[in-house]
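Below is one structure. I have some questions about it.
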Amino acid sequence: MEFAITFKGDIDPKRTVALCRQAEVAGFEYAWFFDSHVLWRECYVTMAMCMEHTQNMRFGPCVTNPGVREWSVAASLFGTLALQSGGRFDMGLGRGDSSRRVLGKKPLTVETMVEFADAVKRMIRGETVNYGEDAEVQMPWTNGYEMPVWIAAYGPKALKGAGEAGDGLIIQLADPWLVKWFSDQAISAGKAAGRDMSNFKVMSAAPVWVGDMEKARAQTRWFPAMVGNHVADIVERYGKDGGGDIPTRLTNYIEGRKGYDYRHHADKDADHLGFISNDIIDSFGILGPVEKHVEKIKELEAAGVTQFNIYLMCGEEERIVAEYAEHVLPHFKD
Amino acid sequence: MEFAITFKGDIDPKRTVALCRQAEVAGFEYAWFFDSHVLWRECYVTMAMCMEHTQNMRFGPCVTNPGVREWSVAASLFGTLALQSGGRFDMGLGRGDSSRRVLGKKPLTVETMVEFADAVKRMIRGETVNYGEDAEVQMPWTNGYEMPVWIAAYGPKALKGAGEAGDGLIIQLADPWLVKWFSDQAISAGKAAGRDMSNFKVMSAAPVWVGDMEKARAQTRWFPAMVGNHVADIVERYGKDGGGDIPTRLTNYIEGRKGYDYRHHADKDADHLGFISNDIIDSFGILGPVEKHVEKIKELEAAGVTQFNIYLMCGEEERIVAEYAEHVLPHFKD
Amino acid sequence: MEFAITFKGDIDPKRTVALCRQAEVAGFEYAWFFDSHVLWRECYVTMAMCMEHTQNMRFGPCVTNPGVREWSVAASLFGTLALQSGGRFDMGLGRGDSSRRVLGKKPLTVETMVEFADAVKRMIRGETVNYGEDAEVQMPWTNGYEMPVWIAAYGPKALKGAGEAGDGLIIQLADPWLVKWFSDQAISAGKAAGRDMSNFKVMSAAPVWVGDMEKARAQTRWFPAMVGNHVADIVERYGKDGGGDIPTRLTNYIEGRKGYDYRHHADKDADHLGFISNDIIDSFGILGPVEKHVEKIKELEAAGVTQFNIYLMCGEEERIVAEYAEHVLPHFKD
Amino acid sequence: MEFAITFKGDIDPKRTVALCRQAEVAGFEYAWFFDSHVLWRECYVTMAMCMEHTQNMRFGPCVTNPGVREWSVAASLFGTLALQSGGRFDMGLGRGDSSRRVLGKKPLTVETMVEFADAVKRMIRGETVNYGEDAEVQMPWTNGYEMPVWIAAYGPKALKGAGEAGDGLIIQLADPWLVKWFSDQAISAGKAAGRDMSNFKVMSAAPVWVGDMEKARAQTRWFPAMVGNHVADIVERYGKDGGGDIPTRLTNYIEGRKGYDYRHHADKDADHLGFISNDIIDSFGILGPVEKHVEKIKELEAAGVTQFNIYLMCGEEERIVAEYAEHVLPHFKD
């Protein structure tokens, strides 16, 4: 099991560096960043900064999308980060959520996302790539880096795309049953396309809180609300009753949902959190004493998860990393 | 007199850091980067890297343009760099040259450039900004940074824009007469618009070579060719015979020019360098023994230049910085 | 109230750097190191390393002594650290405990300690200094740094020396009554010598544990045992019944003490810890929920303490720093 | 051929770091430091600082001696540097020159030097070591590092000691004939003692100047004067006419020598430089255009030298490193 942390980009730069060092020393292997350049700081220059203060930790957006940066700009950015860090850059990719919505734009299609992944990988590899109407791009300075791509997905089409085109799948919740239900779809799609899926990676990303349950729920209630945006999209598209594809477990919790203010995305004090039940909070994150964390991550491991990624944005971040370092990670050392 | 260096982004990252440290210790105050993300590496993550290894040096693109990154993306990028570095970020800005041309696009208008400068400055300051068709952007994480903007200009309209809207002017050659001819236009425009121009900055940017003249010319011949692109634009637009506005001194040298391959932009071994005369090379850069450098920079100072910026891309870069540190900068200490 | 951490030099270098960064970001102002070069790593090169990764944090031994390094060697070492860090070096000083005992040597006299403090301060200032039999030393590279000296003391003579010659006093326990009893002696001696003691600093140094009391005692039981060495010295010299000078509170607890193995100095699993009662553990350190820590440090503040220094060597160090950052330091912000 | 630089510790810390980075990027493999703590800054904390800004460069004193630091202090210092840097520490060792003389002390015997090398190596390896009257030392924190030891020698006994006990020999001049004459003695002694000398390292250490010969001699004249101290020792001990062992080439040049002021050790402006002839300067260092440097280092290579070490203390240090990077090192790449 790999362990990761994710920043949303609202922590002071020096503290971000200190957290990366603390996490690297503790055995965390990845530091991911939300990519939503208006809401929070531009994550890529923060990654570049953190790379200078770490040696093995890998970095990447969790997630970027094809609709904010011109594709050659994205490729140059990611390829330069890989080059500067000695190959410590992965791309997490989605269809575009908050970073587009705050500009009044909608998510892009799964097809565009897959096309973008392919184009960017190839540009970073050094190939000549045609995309869009007329751009033909070859970056002469690349060094052949093979950038791993993780695709975030909830809906059937995105899961299929992840399985067919991704090196890994990002599932933004920590419910073992749902994680398995999602990842099975991606893996099946990959196999159907003739890929060897034995090294396919599955990430479960969620907030955690070590300590008292009441406080834990207060600190992480924002998370199911954020996930709710994606579920709402799926439900709207594929039918509220699941139609055989969407489990009731996933859709029920958005009943009563009344709106979402992207200005308070991933914010524990947002006003749009009323509809979230304790059951959902407990199910989507990992809360309580450290033993519960070990137990649930073991379940996730059994469900096929290869990386557990802490959404490190619920307060007391240094303590959370320290608790995991002392009491959780040692249970997953080989 | 401030001293600066400019990277074009083809030097190994570790060597780039070492050069920044060497230059900072030597008294150089700025490290600029060409922003042309396909030809060379993405400069902003390189700046972020270098910022971690310097303490006072300022960084910025020399130059970016309004047509490669969505404006809120640019604002978030620049604002984050300023925030990470404790306010050590300036923006150099042009109409878009190589970074757009390699994508098959043309430079943008002066109006767009000025509008972009204003929008980005305001977003970084924390204001709510409307631009384009419908984007309304406010970045909640900014800290009120006032980003200096330097505008690169050759033609009358751009010079006017620089004087009216810029904190500084970038002139990409080191001929004192021409520098003064350019900067006078910008300063007059600024005064005409009612601005106090007493703190207006004027940068002369050019390659230098300390040593034998023959070798010096071979190493810097690419520079007048590159500048020729811009001159060709001006001449085409404002008339070859100057029409009273364009000095013969500037236009004559592009006679015989036969084309320019952007794949070999700023490359000393490009094929398109045949038309460049020694007179022009000597006039546009600074070549020869160190005494000549001191003498010419004194002339530039007398012509109103406040920053001399070495285009550090002609070979033996560490030696060039060392020669300036030992033999040139001490003549300009207060 | 200043806050500090102290390393004993057994934490992995990269983790030491990470802890310094975490502590600096959290508002801790000093990182001290035990100076005992056989038992643990040589602390001065570790300080030099940590200085490169911090910007404001001050460093120093807590404590060094006059009998391990030739005095000019000590002066050059400390002066170089001050110079490299921009003046972020203080010297904590004692009579020589574990670092001499493991070499089969005894502590030195208070007179020697005071003479050493004076000689080293003067050498670092750049003066020509005579000491010992014939050495006359002037270090030509110094820059006039005024090195603060903190003197560790328990006994009457050392306390007098600290008050007369020190910039601060180090008291190695966190019992407010005892801290005041010690520091009053030092301050009185300083006043008697005609010094202005209004800026005299008083450090209380002790281990802490945030959490369950039983665990807290197990993790910090080594501390009163270590302090016991010094108390045993005092009792032996000045009389077990206090003779008016040594409070019963201090001497009682070493009754039943049976020996001490310096190979397990400051080690929570040492065999020589049997005689330590819970009362003493609770009194000498700070244990329990965060509220207890705030409360006791407020008492220390009222008793004249200007710096509380955590002996960061009881386990879960990152969590301890995080708990203090979140729940303790904010109560002492001006 | 390995290349190295040596600092004497009078260059500003930030510039020292910048030079190390520049040299590492250029392919230099070692940065050595003079160890003379009164004349210059304490080199070990400077090494610790530089280690944080380099990745592969090795560090060490060139040279330390057994008579300035208590042996366990030296072992802890060197062992900690090795541990912090991932094993990038070698020890250069001599009998004690300026660092002892400025304290009014004489060099120690070759026997003591060899005994020290053995004791320190073993302590760093983690062994229990007895030395001196009663000290028995075992450092529990060591990790088994095998520290390479280079021994500086001119006289027959020291050369024998170097061959018998060292991993390498330091010869402080760049005259190929003399270098071979010295190293042959060391290697023969090693073979006579039954050692496999095929990996024995031979360093030639000397100042260099790239450029005009007159200036070159002015900048490096101090060097034969410094070497003269050692030669004077040998001549005094083994006879001025060589007695078959000391070549006339070596002794002649100190005729006319009138004294040496250790306060101006390694100082190009010292008053004691009058007796130095141009022939000697040219022979002991490497001066003139870069071609001469390549040529002479090729001769040194043929004479058995495995590392050429630049005494980087003659001015324009960045330029010297840059000239070697561009024009000398490429001739010695495999």
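The first chain written gets the first letter, and so on, giving A, B, C and D; residue counts start at 1 in each chain.
Here is the rule we go by: a contact is a pair of C-beta atoms (placed from the backbone, for glycine too) under 8 Å apart; a residue touches a chain by one contact, two chains touch by 3 or more.
Worth saying up front: this structure is predicted, and the values here are computed from it rather than measured.
Under the contact definition stated at the top, the chains bordering both chain B and chain C are A, D. Among the remaining chains, B is positioned farthest from chain C, on the basis of C-alpha centroids.
In this structure, the chain pairs A-B and B-D differ in their number of contacting C-beta pairs, and the larger number is found at A-B. Distance from the chain A centre to the chain D centre is 54 Å, each centre being the mean of its Cα atoms.
Averaged Cα coordinates give chain A a centre that lies 38 Å from the centre of chain B.
Measuring from the averaged C-alpha position of chain B to that of chain D gives a distance of 46 Å. Touching two or more other chains at once are residues 53 of chain D. Inter-chain contacts occur between A-B, A-C, B-D, C-D. Against chain D, the residues of chain C that register as touching in their complex are 9-10, 13, 37-42, 44-49, 51-53, 68-70, 72-73, 76-77, 79-81, 83-84, 102-104, 134-141, 263.
Residues 12, 14-15, 17-19, 21-22, 24-26, 53, 316, 318-319, 321-323, 325-326 of chain C are the ones touching chain A in the complex.
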